[in-house]
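We just call them A, B, C and D in the order they show up, numbering each chain from 1.
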């Protein structure tokens, strides 16, 4: 069966799925997203694009932004970043503070909140928050080749007003000297990157460099080195779904990063960049139908990175 | 450069490496293994075999045996196993007991000691320990196609006499009802499987089904389904090196399982089954030169599962 | 109001109390104790004895025995004991193993299970378990002046058969070198001391040295030094009720040690040795009516150690 | 030996003590306090006052203020306070955040930082921070009968600028809804109460109600009920020295509360209110010589609350 039909089928199945999880309700702009939404975009290595469902409706990408900010920070400071953030799965929830105490303010990896806050602190780099925020937005627009991508200020503002746990994480790391800027400034960057509003199409476009040895296939320009692209994929596979990362890898066999807005970006190296979105979350905070859609996609296409025959041959 | 030369080069580099880690010294049979050993065996999908260094010298495979016992247990009880063991990285040391308390006696995954003890309890299945041990030995001999593989009784006996932490883990899980047999019997199975003595060649031969969609390429017989082979690989990648799993995946991009005897089994799906051995361990309890050798092998061959071009094309 | 009337009143109130907690049911000999029991014995400094309810019915003293074994161990090895056991409240449940991992096998205090197992190991002292058990029994009989006190072998045997958590704690400490004898032998001592069967009267008699500057008022002989008696009282106050110690101190203001059999030994220094018993436990594993009875006794007599007027004047 | 001589002797011994601990250096105003200082004030129930060393030199009382703020908060909201703060020893360092995560934002007791911040939040009560701060200052001045007691603004300001861990604790509790005011306002109150500057004499005067059944002996007015005074003493004994509380109770047998400025307030109920001060801290953050001085005082006077003869008779 060809990819287009697979995407069509999955989108139809997900639209009809009875158990859709629960929409995140900790801030009003997320709480009011209709639970019936499902979108999917699959962009192949050759540029072919397969869309399903609400693939063009923008949503809050939230933690998926951590992939892009990590990429930027590695570009800025290189492997020195790893002195301030670890590379191991945390075995804990996304916003746990326990591990920070026993490990002296060094977050376990850049995809839990604490780690992403350190990454935001790196991106701040002594400048005004607005400058770092503009840089992130510019980077994502360039990756996606779409200047219409924007940040939802109402989301950023709501996070800033109620994100006490993130203030706690940031203050805590600052007490260990692992935050160089005032908490409020670093979090301003963090909350704005999380408030990026993108559709599945835009997200899959932005993720192409991760399937294409670090290059943007549209421009041919290198975003990161091939080795770094592989390593970001490895981090996504091991840490991309918090304490549900093992389950996701077990079921789909693909690197992926989820966000509390219900989106997931997944990568089949050399084959496809994939974005799914459905706002209902499972009990671990990952998109319930998004994860299910990716599991079915991987099963029907054989795109698991652990598939012996190799992705390229089975994707035809 | 061809694989044979790459293996030769790496073996020579490792033989000469100055920093070799520390040999495990908690039991005499392990403590007396010479630190200068290094072996490597790479078995390609077509059956070609490339050896380097002490590839034919047997060593104690220890925790690598957990891959084989997990495979057997899944064959015995199927996915019901996952009601007694999790599938998430633990974020903790191999013998940590903390997580067991907060998660009510359910180990995080089958590759930490607690999880492997539950797996051994499954294999015991109401029979005598000797019967389960014989079953494991028979399975590994069949996988490797080598009837000379044996269990080192002196190792098993030493573990049994001094393995107080494993007794603690087993007793603790028994208090939660997650061990069905007397602690002493289950641990007898566990200590014997860990005492399997194998060379790199034998180990790489035994691991072939993990690169070959679950089939033993020598016999063409199915060991596990293709899906299960992929999933065991996913578990190895996320949990195969305890709280160093992220680092290993980041550096090599391959599923792998290490043992305190200094061995590592790694898999390049569709391409190669790889075993390395050097008894000196890093501070996380994984083979220092073994991990380095695999990192170099992956870098020079492009065998990372995250390599876009696909393993098969870059392995020629 | 005089003490006799106070005791009478409290016994009557407790007999009629509707909410009696839950009887421990983890071993059959404890599970079958009738929930309607309540006993109380108050022995004054001058030897006067006030009994209420089922004060002469024997029950399993369980963890209250830790006070007597600690006293014996301090007599045997003195303050060297504190190199193997701490003196701080644990903030955790009685059988938690988490703290042992982070503190390298040194239990937080001698009144949590792990600490009491180390104390039992000290009492074992290279001899046969039977010898240590006989020593503990002899000591308690002497303290109470009652040769009829005995150990309930059916309780000890049931604990031994099902006490997997204690096996885990002991094995775990042995892995840190903080247990000098085989786990099975040390636990034999521990399970037997916990199986001491005593009535409230016997228990209050045995506890007299703790109110009387370390002397047995019946014989005039010194059991421990006055300083050591004060210190054991301090330990009881801070650690005698596991993670409910603060609550007990807050409500009664008296040092006390509870047991899962429903007994509590409490001390009003210079004034009275008090034992209460009711088998129903609260959610923290302490006697629900026993704690309530002591709270009322302290309130009506003014026996709190924090009572400014001093215990002696208000006890008349 | 009479109390005056005991105080003289101890002050002389402490002045000459070679091992004085380390002065807290996390903010400049504390770091510059000379290590050679030692002061002691003992105020007897009859009003007699015994001073030793630098008893009249003001120092930053820091966490000792938690006793006074707790007293005020209990006056304001009564036992409803205990729905927001626990009454158990924490078994952890003063600024640990781990327990807050597992216990959903409810601090273990009012004497660890998190608990005292909740207490400050109660005192804020919807008013301006300045109003709450003035209320605390007024209360302490009244207790001590000394209108010259003041708050060191430079200390409060330095804490506010660098107290990231306290910001983390406050933000974290706010995320659980256990802080009702903006973090910055609650912490303003907290940092100011900690910056109270008092001498040993002033501190011992302020603590008199805790030895005198809740009454201020100078005025005869009730500060708290006798029961509440006993209970605050119980809390001080169980939780007054963080994870060193057991050690302090074991050695001195007195309720006490320490501060990182090197002061300790201790109470011998019915007998004396005692303040000591020496800026050098032990590894647990409590005054090294202060604790030693109290241990000697208790030993020489027999003022332990566990002293059978009763405090009143041995204090003559």
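Quick note on the criterion: a residue touches a chain if its C-beta (ideal position, glycine included) is under 8 Å from a C-beta of that chain, and two chains touch if they have at least 3 such contacts.
None of these values were measured; they are calculated from a predicted model.
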Pair exhibiting more inter-chain C-beta contacts, C-D or A-D: C-D
Label of the chain whose CA centroid is most distant from the centroid of chain B: D
Between chain D and chain C, distance of the C-alpha-averaged centres to the nearest whole Å: 31
Between chain A and chain D, centroid-to-centroid distance (C-alpha), Å: 48
Of all residues in chain A, the ones touching two or more other chains: 102
Interchain contacts (touch definition) - all pairs: A-B, A-D, B-C, C-D
Interfacial residue positions of chain C with respect to chain D in the complex: 45, 86-92, 99, 108-109, 211-213, 226-227, 229-231, 233-235, 237-239, 243-247, 249-250, 253, 255, 269-271, 299, 304-313
Contacting residues of chain A [partner chain D, same complex]: 96-98, 100-102, 164-165, 167-172, 174-175, 183
